[in-house]
Structures are given as structure tokens and as C-alpha cells.
Amino acid sequence: MSQAFKPSLDWLLVFVPVAFALEYIPTLHNATALFICSGLAIIPLAGIMGRATEHLAEHLGQGIGGLLNATFGNAAELIIALMALNKGLIGVVKASITGSIIGNILLVLGASLTVGGFKYREQRFNRTATQISTTSLFLAAIGLLVPTIFHYSAAAHNAWKPVVAEELSLGIAVVLFITYICTLAFSLVTHKDLVSATPDGSAAHAASPLPGADSTLPRAGSTEWAKGKSVIVLLAATVFVAWLSEFLVTSVESARAQLGVTEVFIGVIVVAIIGNAAEHSTAVWMAIKDKMDLSLGIAVGSSLQIALFVAPVLVFTSWFMGHPMDLEFTIPEVAAVIVAVFIVAEISKDGRTNWLEGVQLLSVYLILAILFYFLPGGH
Amino acid sequence: MSQAFKPSLDWLLVFVPVAFALEYIPTLHNATALFICSGLAIIPLAGIMGRATEHLAEHLGQGIGGLLNATFGNAAELIIALMALNKGLIGVVKASITGSIIGNILLVLGASLTVGGFKYREQRFNRTATQISTTSLFLAAIGLLVPTIFHYSAAAHNAWKPVVAEELSLGIAVVLFITYICTLAFSLVTHKDLVSATPDGSAAHAASPLPGADSTLPRAGSTEWAKGKSVIVLLAATVFVAWLSEFLVTSVESARAQLGVTEVFIGVIVVAIIGNAAEHSTAVWMAIKDKMDLSLGIAVGSSLQIALFVAPVLVFTSWFMGHPMDLEFTIPEVAAVIVAVFIVAEISKDGRTNWLEGVQLLSVYLILAILFYFLPGGH
Amino acid sequence: MSQAFKPSLDWLLVFVPVAFALEYIPTLHNATALFICSGLAIIPLAGIMGRATEHLAEHLGQGIGGLLNATFGNAAELIIALMALNKGLIGVVKASITGSIIGNILLVLGASLTVGGFKYREQRFNRTATQISTTSLFLAAIGLLVPTIFHYSAAAHNAWKPVVAEELSLGIAVVLFITYICTLAFSLVTHKDLVSATPDGSAAHAASPLPGADSTLPRAGSTEWAKGKSVIVLLAATVFVAWLSEFLVTSVESARAQLGVTEVFIGVIVVAIIGNAAEHSTAVWMAIKDKMDLSLGIAVGSSLQIALFVAPVLVFTSWFMGHPMDLEFTIPEVAAVIVAVFIVAEISKDGRTNWLEGVQLLSVYLILAILFYFLPGGH
């Protein structure tokens, strides 16, 4: 099958033993090298987790399978964020939420449209499903904006208290999470034909508002995996991702200092690229094959999942951990998310894409990366 | 006629005597109870005013009738706001402007789309008329944003003066009011076929950019009222609304303190719900009957009327009263209006609605309500 | 040809000798009069430069000609800005960038739609090309927003330094400039049929995302100019525009003080109207002739050129001059640009226009003009 020619990121698995060596052989210890190698090693493992989830989903039928996909689609990001949360690196956690959102809709989608646009003069996609996603992205941006507005308004009255910010954030997290459940119900139950699969996975296929809701996402490998194999691979990959995330998170502070960049830059740009490399590779590949619905579904859906599922789950977990996390982001972070959502809504509204639109998305990403590079540190 | 089965809010009229009892029988005096009962009593009276206005409009022909409808459509809100203005409760007045705008486009429209969407898989409406409305909403949001920008920019130069803010606001109120006149001219004169009535009030009917511009708005009662009856009912209901608004406004401060919520929360959430309950009920009812153009026309048109007609009229009146009111809103209020306008523009751009879009609007309303609940008081 | 009846601005050339007299005859010296007369004198010269550029472009073929047009289309604004930059009037330079952007998309386009809409009930244009332009406008707005966000975020950490702001701005200017080159490549090379000319310049003609990319822009004069004449006229007009800009810029400070308005108001409103009068006149004329694609192309394309070409070139030039200019705008300026971009995106999304949309654009312009009038001075 043509999928076989897809450039694989699996060779990056070589960094798994390297990362372990750097961590456990004292003479090799070097924080920056550990940070880079564990980051590179997570990339193919995140891809393997994704494939195992899809194979398993196949065995579980469209309903439960779709739910599984939708829930574990961004498991690697979630694991990295939980590890960072556990270490109290709240700034990195929040920055990686921001970074995953803008990385998916600007960098991943921008690269897909540019590469796809170099091959095809114009590419088309289903507007209806995409509009549902962009509306949800607006909702997510509002959810991230409101605690920041609260912060500045309350501070202006000298009435800002951490506990109030945490309660407000918890309330918003609940609303976002309920909206996510409703979006799943919409995609998997009431309006599943909007995201229905055509037997040949052709371009007539409708875009899914959620990546996992779409069980025809072409897999990197063409043969089916047995249920047992899927479960074992998923578990093993998860363990390794968690282990490597631990390395990543423990080395982030020294690496950051050595590289001379800020915590926000690490979170927004570096961690986000690591966590989303698998989506990135698949989305670009789908664009090259003119399957723009899948390409858009992966990029936009992944952003949505981060904002409406991962972010609320992190807030809930932080309460269980006894150190509640609020959803107050810095103004540059909020602005970056809002700007990214607008530009993607603008570009997707006509159902057609071309290379210039890809370049426009990448330009916005570049402008934001420049901003985060120059911003002084501290959350 | 099927209209007869519409659930009526008229039983709330029972609160009219209760409110009078609470006010005039000293032993029953209780500010919170008075606030609640006069609020509940205004709801059906606002509905009756609306019906009387429509019956009267019928007798006056489409032109003058439409104008009457467009001018008195939000008379209850206007009366409450004038009473509050007279008491110097500027914060409540402004908050109720914000609340009416977001309440109509998020709560009323959100409930309509959700309820309608549970019954119909997909509902359609006329995009052209709706787009004119959403553009006007953008304009209104800009009008409310600019004085706030002025406030912060001038304050940063230590050059902010109340009199300048009032003059700036007066200038903007004039521009908004002229735009409203132009919108009326567009709807009632030059492009009235865009809002033309079909004889059977069918779903082919185009949405009106203004609620009153549409003389076929189905009335709760199916028989026509005589001109005299319409005038008398209108006058009587207006007197009672004014009287009860007086009770509402005098009790608001003690009720607020007793309920432990802020002035902004009262204005944005509570007063706005009271003033718009009649629209709310009608818009949801129209959605159930799959008349989405009417449902959207009521919700969006009502917001427009508040922003482009009621707000400027309050500014003009405040100058005549000798205590000029400016249009400087708090940042959360401005943000709420902008956010609401964007989400409704996003949802309405494809001319189709479903239950998820309703849920998305309600989620945004909920997020904003949480914000206003937690915000410290003071305008 | 019917073009002959187009009202000409050439009679304003009478102000050329008047301006020279005011400058060089000592007894006539009056800063305000000089400012006004040199401003009025630049208007027809900017128009002549435009015509000469188009005639020359005709001789050079579509590719090079389009490039020439795209590069010199806003030469007058560029010259005025360079003169002001040379005098160190950074505030005026930045304000004139803001003013040119909002002036073109609100005042020029608003007037065009209003005047066109009085003649035609509804006018149509090509949505595809316009969408590319509005996306680029969003990108430009983001580019102007980011340095301002940087300013406030860095200042909150007491970490703002001029040199960092200048480097950040240079980086963003490079990204904007590259995007401009890509937009040219898209319009002139890869997707030139999207902007292809129909032989009769009919309304079927597609809108160009850049004004110069369209070689069929009807010229004010109907006969063709020889190559030599074009070059000589272009050079002569350029020399005079530069000379008069020198007068304009030297007199701006005293004129401003005498007229009692702020530097920002002069830049945003006055200089911007002078620099764009030629476009203004042509865009309105095209609207009257129902050539909305050209009308939109001129207004939107001109804004784009200012943001993606003129602004970066000014930043680059300022580095060569040894006094780097940053792209940090005031909050009212950034808000004005964002608001203008949104309203034009909203209005252009359905491919149809009417007089009310023109009035809405003009209302937004008026609201912003009121804001800049009342704002205290100082950049």
C-alpha cells in the first residue's frame, strides 16, 4: 500500500537507549543532552501509542473505539504535562497547553497546506465539520481568556486571591469538559454521518471535528494488529513515554538555563513540537495525498482535544494532587491562542486551501515564536 | 391555532399584587422578596407590552408599525434602565446593557438552538439578513470598546477627565444612533423585501435584522385587538412596568447585599434575564416550530436594539437629566460583548444550526456568568 | 470613453505653486497654510505617480509590470513616511501607517460601498481573491499587535529595553516582508488566473489581492503613454512629491500646535487622507461603475501594501539610517487596525455589498476618528 512509502519517524527510537544511558550512566550525565534525547525519543513512541490506540479502537467498534481514540489521542502530551505538574512546573504545563494549541493549528496545519499546496493548485475539504471545530476552538479560547481577564480585573481592585482564581478555573474546566462530552456525543452519536467513513477513505470523506472520532484514519502500517498485540504495545509505549517524560521534565530546568531560553519558550515551542511531532508527520502526509479532511481533522481536532479535554483533566488532577492549578495564562499566551484561532477560522471558511494560506499560517507561527523568544521569563 | 399551546408566562402576573403588597404593607417589607417579586412581575408585563405594540403596529401599516415595533421592542429594559439612571445606579444601568446584549445572543439564542436542535437534526435560516445583523453587532461592540480604550490610554497619560469621557461617549452614541436609523431605513424602506413576510409565515420567510421590522412575528394570542384596546393595554402595561421597575431599583442595593453578589452580577445576569424573559420564551417557541429566522431575528435583533438604540437613548437622557453618563464599560463587560458577538457570527455564518451550536452558545454564557459571579464588585 | 467623465483631482495641482510660494517667499510664511497646501498639492501628484506607474507597467509586461505596480502603488505614502522618519517624527510615521490601513479599508471602502449602493441595490464581487486579502490583513494586524504585547509584558517584568523591541520588530518586519513576496508570487505567478483580466474589464473580472497585480486597472486617461513619457512623468512627480513631503513634514509640528490636535490625530487621520486620496477617488469611481472587484482590490490591496511592504521597508530603512524604528504601536492604534480588519472581513464574506454595509464601515471610521480626536497626545 502507498502508506508504506510514508517517511517514518521510527528511526528516532534510537534515542530511547541513548536517553536511558544519559540518565543512568553517571559519567554521561548532561542535562541538555538528556533533555534533547528524551524529547526526540518520545516522538516515535507517541506515534506508536497513536497507532496502537487506532488498532485497538478497530476491535472495539466505532462507538467505544472512537471514544478511546478521542480520549487517548493526545496521551503523550497528557503524560508529559502530568509529570511536569507533579514536579510543580506549572509554568511549563500551561505553556505546553498554549504551545500544543497554536502548534497544531499554525505549524502542523501550515506545513500541511504549504506542502499540499505545492503539489495541488487547490485542495478542498468539508466546511461543515470544520466549522463545528472552529466554533469549539473559539469556545476554548474564551475559556482560556476568562481567567486572565479575571486576574487583571480582580488585581485592579486589589481583590485577587489564588483560591478564587482556582475556583473560577475549576468552574470553567467543568464547562469545557462538558462541552467536550457534548462534542463527542455529536460526533459519535447524533451526527456521526457528518464524520462518516467512505469505504475507500476517499477525499469525499467528511472532516471529523475530533481526530479520534474518525475510525478510517489511515494507519502508518497497513496490516491489522491483534487485540492482544495492540494492548501490549499500547501499555509498553505508555510506560516508556512516562519514563522519558520524567527525564524530560527533570532536565528541563538545567537545559533551559544552558540554552539561555525562557520557561515559556521551552513550553510553548519546544515541548509542544515534541508532543505533536506524530500528528505533524501524519497531517503533512495526508495533505500530500490530498486528503485535506483528515489533515485538517488531525491538526484542528488535536488542538481541540488539548483545550477541551487535556486542560480540564490537568485542572481536575491538580485538585486531587492537593495543589490546584488555575487556568490563568499570560497575556502573550492568551493572545497567541486567540490569534491562531482567528486565522484558522478565516482560512477554513471557504472550504478550499492553497499554498499561500499555508505560508500565512506559518508566518503567524513564526511571528509568535519570535515573540516568545524575546519575552522575558517567568509565568 | 397552534400558537394557543405555547406555554404562557402570564401566570407570573400573580406577582404584581404580591410586589405591591410587599412595598406598601409595612409589616411585609423585605427588600430581597420585593426585588424578586417585582422582577418576576415585570416578565409577563414586558410580554404584554410587546403584544400590544404588535397589535397596534398592525393597525398602523408596515412602515409606521415597523418603526413602532423597532422602537418599543425593548421598552421594558429601557424603563428599568431609566429608573436606575434616575437613582444614579450607573453601574447597574451599564451592566444591564451588557447583560441584555450577551443574554440575548448567548442565553436566548443558545436555548433556542439547543431546544430546536433536539427536535430537528438541522435547522436552516436566511444568511443574508443575519449577516447584516452580525455586522451591526460588531459595530456596536466597537462602540462599547472605544470608550474603554480611551479610558485606559488617557489614564496612562494622567489625562483622563470625566467630561472628556462623557463628550467622547456622546459622540459615539450619536454615531450608533444614526447607524440604527440607517438600519431601520434599510429594513423598512430600501431593502424591505429582504425581510418580507410570506402570507403563511412559513419558514421560507427571511430573517429580519430588527425584531420590530417584521410585522408577521406570530403573536401569542391569535385574535386581532382593536386599536383602542391595543393603546389602552400598552399604556396600562407601561405604567405597571415603570412602577414595578421603581420597586426593583429601590430594592436592588439591599437585595444585592443580602444575596452576597456584586452589582455587576445583578446587572449583567439578573436584570438582563428579567428584561428579556419575554423574548426568551418567544425565541425558544419559534425554534421548536422550526422558524429559525424568527428565532434568530428576535435574539440578535433584540441585542442590536439594546446596543444601537437603548444605549444611545440612555446617554442622551442622562445629558438632559444633567448627569451625563459615559459609555465606559469594565474590561470584563467589553470582553463579554466582543466574545458573544464573535461566537454568534461564527455560528451563524453557514446558515445552518444544530443542537451542539446551541450548547456552545450556552457554554460561553455559563463561562461568562462564572466570571461575573467571581469578579469583585464596583464599576 | 466614459472614463473621461471621472471627476479629476488634477485641479488640486494649483496648490503646488502655492506651497512653493509659502515656503520660499518669507513674507508669506505660515506653517498651517504650508501644511494644508502641501498636503493638497500631494494628492494629484500621487495620482499622477500612480498613472505613470501603470503606463510604464504596461510596457514591461504583466510580470515585471505587476511587480512595479505592487511596489510603487503606495510610493507617495512611502516618501512622506521616509521624510518624517528622517526628521525623527517616529510617532507621525507610525500613526500614518495605522491611518493608511484603516483609512483604506474603512473610509475608502465605506465611501465606495455607500456611493455604489445608492446606485445599485446590491453589488457583487469575487469572494476567493478577497478572502486571500483579508487573511493577509489579519496577518498584518497580528504583526502590528505582537510588538505591543511584547512592550506591555516586558514592561510588567521591568525587562523592556529599546534594543530588544527593535530586534523583535526587525524580526517581524522580515516575516511580513517575506509574506508580501509570497503574496506577489501567488498573484503574479502561481495563481495569476485568480486575478486574470477579462478583455473588456467587465464585472466578471476577479478581484486582485494586490492592487498592482492587476494590469487592467482602468486608467484615468484612456490613451497610452510612451515608455519615455511614463519614465519622465514618474520621475518628475516623485521629485515633487518628495519636495512637498519635506514641506509637509517640516510644518507638521507648528500646524499641529496651531490646530490644537495631537500628533496621533494628524498621523492617523490627516496624513492618511492625503496619502490615500488618489486611491479614494478611483475606488469610489469604480464602485459607481459597479466594478466592485476593482474597488475592493484598490482599498484592501492598498492597506495590505502599507502593512506588508511599506511598514517593513520603513523598519529596514531606519536600521540603515542608524536610528532603528520599532513596530510598537499604541493600544488605540492596534485596536483600530484589528477592528477595521474584522469589520471588513465580516462585510466581505458573502461576496455581496449594499449601501448599509458602506454606512457601517463609515460609522466605524467615525467612531475611531472620534477616539483619536479625544486621545491625549504622545506616542
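Labels for the chains are A, B and C, by order of writing; each one numbers its residues from 1.
The rule is short, and it goes like this: a contact is a pair of C-beta atoms (placed from the backbone, for glycine too) under 8 Å apart; a residue touches a chain by one contact, two chains touch by 3 or more.
From a predicted model like this one, the values you see are computed outputs, not experimental measurements.
Engineer: Considering subunit A as a copy of subunit B, what rotation angle in degrees (nearest 5) results from a C-alpha superposition of the former onto the latter?
Structural biologist: Rotation angle between the two copies comes out at 120 degrees.
Engineer: Could you classify the subunit A-subunit C contact as same or different, where same means more than half of all interface residue numbers appear on both copies?
Structural biologist: Both copies touch with mostly different residues.
Engineer: Would you mind pulling out the distance in Å between where the CA atoms of subunit A average out and where those of subunit C do?
Structural biologist: Taking the mean C-alpha position of each chain, the two centres sit 40 Å apart.
Engineer: Multi-chain contacts only, two chains or more: what residues does subunit B have there?
Structural biologist: Within subunit B, residues 349 contact more than one other chain.
Engineer: Taking the complex as given, what residues does subunit A use to touch subunit B?
Structural biologist: 127-128, 131-132, 134-136, 138-139, 142-143, 145-146, 149-150, 152-154, 157, 159, 164, 167-168, 171-172, 175-176, 178-179, 182-183, 186, 190-191, 345, 349
Engineer: Looking at the complex, which residues from subunit C come into contact with subunit B?
Structural biologist: Per the touch definition, subunit C meets subunit B at residues 121, 330-332, 335, 339, 342-343, 346-347, 349-350, 352, 354-357, 359-360, 363-364, 366-368, 370-371, 374-376, 378.
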